[in-house]
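My questions will all concern the structure given below.
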Amino acid sequence: MLKKRWNHKKIFEWGIEGLIKLSGIVSIILVGLIFIFLLKEGISVFKIVNPINFILGKEWHPVSKPPDFGILSLILGSFAVTLGAAIIALPLGVTSAIFIAEVTTGKTKEMLKIGIEFLAAIPSVVIGFVGIVVLAPVIQKVFDLPTGLTVLTGSIMLSIMAMPTIVSISEDAITAVPKRYREAALALGATRWQTIWRVVLPSASGGIVAACMLGIGRVIGETMAVMMVTGNAPRIPHSLLEPARTLTSTIAAEMGETVQGSEHYFALFAIGIVLFIITFVINFTADLFLHKEKV
Amino acid sequence: MVDKLARIVTEELNVWYGAHQALKSISLKVEANEILGIIGPANSGKSTFLQVLNRLIDLKPQTRVSGRILIDNQEIFGANIDVEALRRKIGMIFALPIPLPMSIFDNIAYGPRRNGIKKKSMLEEIVEESLKAAYLWDEVKDRLSDSGLNLSGGQQQRLCIARTLALKPEVILFDEPCSGLDPVSTGKVEEAMLELKKNYTLVLVTNNTKQASRVADRTAFFLMGELIEINNTQEMFTVPRDKRTEDYISGRFG
Amino acid sequence: MKKLSPKITQKIVFSLLSLATLLAMVPVVLIVLIIIKNGLGAINWEFLTTAPRNGMREGGILPAIVGTFCLVTGAVVFAVPVGVFAAIYLNEYAKKNWLTRLIRLAIINLAGVSSVVYGLFGLGLFVIFLKFGASILAGAMTLAIMNLPVIITATREALANVPQSFREVSLSLGASKWQTIWHVVLPNAIPGILTGIILEISRAAGETAPILFTVAAFYLPGFPTSVFDQVMALPMHLYAISTQIPNIGLDVRYGTALVLLGVVLGVNSVVIIIRARLRRRQKW
């Protein structure tokens, strides 16, 4: 009587559980597919230029004859913009997270969190647009430059975009610190700030580091805003007030003009490989930090 | 004495949670139409025992079960067992009443519907029958479409009993069914159990030794995963054979 | 110099913290205000219901609105079933082992991959390898994959919030695992899942880089007739008119930015309202 019999209900459920299990591994398949397709399209460029010269070559002239495929200036462009954005966003983001998590309560806290969520939602192209029409003229005037589209402009706009990631993940990490730690410290007569500084922040440090890394990852991968406001000059920038060009904006700006299967096309996919590896390493490390804390 | 029909037989039943052994070679029988009480201090393996009987233990990660459980002579951990049919046959009432977040009617019709009963008239009949058997019909018959969450604690527990009865089970497992209830509600649930015994076999796990002495025909005493003693309730409570049983029921530990 | 008393230190630190937070919040307020102030004047019936004219310097943005609508719908259609199923797998079926850990890592990575790399992937897989060409289908699928982590994370959280006891009750009543998920777990997780879907809508509507090479047309005044057609899209249109075409009136640009921002923030407000309601209503 208790023996299992196959009927249409059991067969249906067997099928649907199969689908569920398949969907479970779909994300692994996708990450694999992304890497495979980047490799498939990008690897051919290394027949023309060896990987070391590709990374360390200073000249990027993809359409001249013969072409130069060196992405060092693009890497440094990305690095400069990211560094600038990090210098602005990390301190502001982490302190805001501390303030929101530990100091504010009730309505104020709600409002601030909604604000951060709205900021996260603003499309990158809108940020870029505001950068062009509002910030760039100001930068141009203040520093008396030929153009307002500079590394600095990019860094400022990107710091705005990195903020939500940094704030929300840090805030989660801080809020996750068990209440009894705080109560113990307060019971010993520490002020709230002493408690935050000596007890809460050290226990949340793993999460905060992860938040900062993910924020930086977001900046490196960001495309539209940075393409619109950094001026797109494929040269190594020597100051924050010069235009530069990043890895992402190179792909976005040039892919439209390439012929499928051309050397230039392969080279842009190869840049994609570099970007994929960078973000993979950042996310992987950030995850280690997040994980460490939970154990 | 003639052996009564044994509904459930466990032989050398062991259960591990990871490295911790929760049940240690339990061998006992549950007879038809009796109430078997199971008493013992916290963490003595009573609830685990119930969860193995209808295989709810399958939900817990890292558990291991050895030994045999026979229900009407069928090995329930055997190959090709229809676990859903097993759980319909062996109903379970939990410690806290947990109505599903739906109407009273839907709560009771939940089990039959999942078993493929679709006809409205049939469901209505089952709902009325089950509610009557759980002594809840008169209190809720005019508001069957109300949420089950709006009932009082005692009513919710009787709703859960009715929900189990709707499956037409043969055995009902009670896992400390009165631990969250006041004395009046407890009395009503106990009354219902005594009535149910006529048609069902009941296993009652309880923290309250007095409750076991009031309703159970036989009582088993579990301690740290071991079955210390099983006997007629009256005998066990008057002349316990084991010193530890005596200590427990006289309230010297636990 | 005398050391400051802890009380005074705290006061100073807290005011600095609030100042920093204020500074962090200024941009969002400024961006929204600037765009509303300058964009509102451009928005009228004609702007919303006609195609661009005169090299996109005049006219409206209807084709871009329609295109974005198509892409968002497509992205939701592709991402929601897979995302919800994946979340069900992770929350209801997966055991704690290396595979689950790998899946989690993969999801984190999907969430972290640069949007332009998604564009490349979509180009390589859908446009070229599967021969969809630059089309709504290719663009919507690229957006769907990019937003999969959003749906998975939101759904998983919603599923995890359904009390374990409901599952035990349902199973103890003889329901199968799938019946338990379908009749008890999912109905109670709907608002959370909805939040994920709406967030996906908002992100899919605002993304530019993934559709750059997979679907978006620079200028295409007509409407699509099949999923293999190209379309214009709001973010792409804003990008085009703010960088590629000289001498465009600022009001056209601001107007487009306002419509895009309005769509995205409007959709996000819905999420916030659902969440607030949910928190108040939760009974168990």
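Going by the order they are written in, the chains are A, B and C; count residues from 1 in each one.
Definition applied: a residue touches a chain if its C-beta (ideal position, glycine included) is under 8 Å from a C-beta of that chain, and two chains touch if they have at least 3 such contacts.
Predicted, not measured: the structure shown is a model, and the values here were computed from it.
A.B. asks: Out of every possible chain pairing, which has the most C-beta contacts?
C.D. replies: So the pair of chains linked by the most contacts is A-C.
A.B. asks: Report the chain whose CA-based centre is farthest from the CA-based centre of chain C.
C.D. replies: B
A.B. asks: Need the central chain here, defined by C-alpha centroid distance to the all-chain C-alpha centroid.
C.D. replies: Chain C is the most central one.
A.B. asks: What is the distance, in whole Å, between the centres of chain A and chain C, each centre taken as the mean of its C-alpha atoms?
C.D. replies: Spacing between the chain centres: roughly 16 Å.
A.B. asks: Measure off the straight-line distance from the CA centroid of chain B to the CA centroid of chain C, and report it in whole Å.
C.D. replies: Roughly 48 Å, centre to centre.
A.B. asks: List the centre-to-centre spacing of chain A and chain B in whole Å, with centres computed as mean CA coordinates.
C.D. replies: 54
A.B. asks: Hunt down the residues of chain A that sit against at least two other chains at once, touch-wise.
C.D. replies: Answer for chain A, listing residues that touch two or more other chains: 9.
A.B. asks: Which residues does chain B have that touch at least 2 chains other than itself?
C.D. replies: Counting only residues that touch two or more other chains, chain B contributes 85.
A.B. asks: Indicate the residues of chain C shared as contacts by at least two other chains.
C.D. replies: 176, 179
A.B. asks: Could you pull out which chain A residues touch chain C in their complex?
C.D. replies: Per the touch definition, chain A meets chain C at residues 9, 13, 16-17, 19-28, 30-31, 33-34, 37-38, 40-41, 91-93, 95-96, 98-100, 103, 112, 114-119, 121-130, 132-134, 160, 163, 167, 190-194, 214, 217-218, 220-224, 228, 248, 251-252, 255-256, 260, 268-269, 272, 275-276, 279-280, 282-284, 286-287.
A.B. asks: Taking the touch rule as given, give the residues of chain C at its contact with chain B in the complex, in rising order.
C.D. replies: 95-96, 163, 165-176, 179, 183-184, 188, 283-284
A.B. asks: Would you pull the chain B residues touching chain C in the complex into a rising list?
C.D. replies: For this pair, the touching residues of chain B are 54, 56, 59, 61, 84-85, 87-88, 91-92, 94, 96, 98, 100-101, 110-111, 114-115, 149, 160, 163-164, 167.
A.B. asks: Which residues of chain A touch chain B once you look at their complex with the stated criterion?
C.D. replies: Interface residues on the chain A side: 1-5, 9.
A.B. asks: Using the touch definition up top, name the residues of chain C that touch chain A in the complex.
C.D. replies: 6-7, 9-10, 13-14, 16-18, 20-21, 23-25, 27-29, 31-32, 34-35, 81-83, 85-86, 88-90, 92-94, 99, 102-121, 123-125, 128-129, 145, 148-149, 152, 176-179, 202-203, 205-209, 212-213, 235-236, 238-239, 242-243, 250, 253-254, 257, 260-261, 264-265, 268, 272
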